[in-house]
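Below is one structure. I have some questions about it.
Note that the chains take the letters A, B, C, D, E and F in the order they are written out, and that residue 1 is the start of every chain.
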């Protein structure tokens, strides 16, 4: 199976580690490919960034389907371009926040998302509410560490995640924790262990890992998003984006 | 991996076909086992039936965990005993209605569940609302064919599912269809095809298939329900159920 | 009028005081009978306990109706078996949490329920939400005293109820207080007085007392639950529960 | 016990029959008194009518409490002046729509209110939503017969109520029916019987009857609305209403 | 254009300053008139006060329309008599809380209303919820200064508004502030500036100013409330209010 | 005052009529300018179209603010790029669907939006729900006439709007009608008149007209969106969009 992971950023630094982590969770015979956009921001931190990343993401999604991909993963917790990409293609488009929220909601009563910086809190909360989790979302919290510093000192990140996780449980009533940045990939077990030492037995959801596994399941059993809900765009010339060609 | 499918009924007639269908969707190296309750109703058609099935289901769940199962599936669209079983064990307990609803909600805007008889409509609707799908649930409909007759004439069942699916789309605004009985297992492709011929491109979700795949994913990545949300019951003697022993 | 109070526990210690308190509030010519289950837990503290109490509760409910009872009261704030019992019989089945929540919601803007131990908080909150009180429920709080110790030192219990009631008012915005355990029966006036001394004029609802009075009203004016909402279970042999016989 | 029923209208024609019906449902030793306003509309059919009835209703409520009443009933399904009267007095003020809605919501899944003329539909629906019954209210329907003609030909009224009740069940999903005008008092049994003949076993709630019984219960067990939610108005001179004297 | 501002109080002290402030914001060629009720309370602080102000407000509204007014403003943040006045006339009736809430909800994610005394908090919150702002309303707070003292020392009022605004932002998650008393008219710029100095860039909405401008817009483009939603009251004699005459 | 109307399409055909209509409603001394995007679709009919229009819309918004505009109007009923544009600038950004929905919700109980083709129904409904109008939105309907044909035969368009408006009132319970395409500008009075002839007195809201007037009001009284809710994007190089320069 061929799964294409679209990175909605132009910085390629994160490539190797993302491929390594996601390939590790994929099934043995899967081919997980990572593709970066050519035009757009170096990171997604607000609605403005997202708006400028989406056009090239759509392009990459169309390309992936044309080249035979079985499923697409949008590798960012703002789920950028989810609806537009689903309109453009018919293979499954899996978004980590949406997927992780559904799993988290089914594993407990209330979940909290813990992200990097406070600037990402409102966009994540907005999307959780849009997906219908008004009554399952306990809170969105931030560890105060920027994305690009996450990899540098993983033990500090894990401590910070445990600390905010504990506050989410005690102050916000969460009983499930969700990572709020795809770059936290791989740390779930350590955070779960850290919270257990504090006396809290709560599952910690790693959205990147889940996205790969859900993409596999959907492609495997032949299930994709509804084309009645996300119909193909009417064919017409889009000035400045003439290369884009949907079915 | 060892997955135990608990059938909340005493009738064993459905055993062979359920094992056949679910094993077919499981991964090659999985061991899917089906276990029936010894005490309880021959079928689940209301709250009364469910109440009398749950005690022995809990027993089977505890037994499955003790004997090394990696995950448990409750094979009934009323999701009987879900909370009590999750309290009793710590391995993942997957319920088909809960799981299918979360997938359906993420694949479109509104989904409809199509079950067997009208008597099952209120219990399914009640559980969808309890799970938080008030705004995603388009409707719950029935084909008017009893469970035990489903296998006899599958082509009639498929026609009936297509017919109700079409009404769900046209009258209720659904853009995703979910089977409302685990005995409809295996018919998704035919119903999806039937609806496509009517002009509707909507995914058809087979909850039994999804439950097996989600159980695999959860067990595989070490994710289970929150024990903070579903703590172990306090130890005490339960008169008439002395054999039950939770960790 | 004959009202049967079903105690969903096997411990008979609480019998005399419950009969004494409930008979005191009933009308002079009423006959309030208390019946305990024979199989099940000694106390209801979670979903697991409830699941194992319900089968025999259904049995007692059917028996009560057959022997001419005019109404049934389920004497536990988890309202165990409410839906299944209503399916099994046609006389009114009154549940204290449901009844008290409706009265509390009509006497103010927001109510808090104060129960015994923190383990009972989630089941009570879940049921309040299921009944539709998402926007009227201020909080569910616990005094930290186990059920069986409630009777030993009532003045300590009352102080604890006043203290948590005060916090519910000040921190959670409650303007009505509801007892969260049927064993707190009889303490409403003292708690109301205690809160008044703190400067808060809020009604304190005693669910057991209210349940008796509401059962009388329903039986008296010939009103019961909708059999369209709670139809009789289809007739069939339930293995292990052959004695159960519904209409 | 002394219960004062405030009629928010100046027409006294309805007096005798209301007293007769309500006294019939009250307990033997109760004293049910009916008082009409002196200034205001002859009937309540909209917000305008209600606004002009409320000042004198407040007056009558204060008077009733001063003269020793144990509880007050507002005899109109728009529940006019409920909040203002509760501020003005501390004895229970019972409103028929609020009370009937809470009982109806607890007896089934969804209820419909059936009133006289279509003009009363929006005010009743608005109040049901304000009370929090957004998800329990199936519909508000009208029989198309004005209040003052209700008494003339009760069999026609009953037929119309059965007909609209049937539509509420079949088209709107109701499983409980509530009368939408206090002048339909006494017809519940006949309408319930009529619906049963159509094949529908649903309870029919008579709000006037319920209001009397709930007023008795509240006064009897010493429970009233929260003065924290409905504090006494600050003392000051109200020009044109100098006679009003609270607390 | 002629806009009539109805003051729902009998005290005329506030007249000159209200006229001055509102005329200042109105367009050059507008004629803003202020009319006080003759019967009713000196100030609106609860439901009781409002109930006694509304009859004469309706009278003034009918009078204003009859004398050629183009729009009516109800100058009080409890929006007293809004529905009844809309039934009585067909020219636009603008209410400051309703109007300000809609603007505030569209300028950010969550807004807080800051009023005078804590007694006004519940009525304002009730109305915001009734208008549908359950999920946009962050909080209602009070500065603890009575209406009539607002004008005496405006700098103290502004400091108090800044302080509560800061707490609304930090503790309640507000990103828009709304004045909760029409007598705070004119202070928006100073409060916005004060909050900016604290590091918060949030708009401060002055409901009185907005009400004048919205009344102008509605009258100008010929838009008024729906007479289907607010039909004229049926013609009949209202005892004690014979002078009232609706179209 | 200078108001810039951003047309999120590359087709310039609509320019003259839009300028003519919008200038007609603006105040005499206003300068209403219309600007088209250079890159993007010829029309907005789905999420895909919108995603490709937004980058250049942001560019035009930044340009407008830099050149001294007092307010910006996004002239499309999908409200494309609203959040991103508000992040990019600090002058008011007014979106017609958001604005019209708030006015419609305050003029009646339930409103319906009537758009051009059925493909636009889901995006408009999604946005209404995101804005919080779940309980005020009666329905979104389509007349079945494409945007570019609207101008050709206005009397047919008006008849179609009246017909769908009537169905919205009768079948969906609407009491306010909102145009669902900015190209319907100018037809409100005719549609209102048409509905009145059918017996329905409901306001018809023209979102384009309202957007101009609300932009004027906001700019005039110095009110804009919250920069706390919509902070400036962090400064960084956006590959392919280097010209964009915020704050």
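One rule holds for everything that comes next: contacts are C-beta pairs under 8 Å (C-beta built on N, C-alpha and C of every residue); 3 or more make two chains touch, one makes a residue touch a chain.
Not measured: the values here are computed from a predicted model.
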Task = From the options A-B, D-E or B-C, choose the one that repeats interface E-F, i.e. more than half of its residue-numbered contact pairs are shared.
result = A-B
Inquiry  = Using C-alpha centres only, name the chain that sits farthest from chain E.
reply    = B
Label of the chain whose CA centroid is most distant from the centroid of chain F = C
Message = Using mean CA coordinates as chain centres, what's the gap between chain C and chain E in Å?
response = 45
Request  = Please compute the C-alpha centroid of chain A, do the same for chain F, then give the distance between them in whole Å.
outcome  = 31
Query = For chain E, what residues touch not just one other chain but two or more?
reply = 109, 122, 135, 229-230
Ask   = Inside the complex, what are the residues of chain A that reach chain B?
value = 25, 98-99, 102-103, 105-109, 131-133, 135-136, 169, 175-176, 189, 200-203, 205-206, 209-210, 213-214, 217, 220-230
Note = Seen from chain F, its contact residues with chain A in the complex are 10, 38-43, 45-52, 54-56, 58, 81, 83-84, 87-88, 119, 122, 130, 229-231, 233-234, 236-241, 244, 246
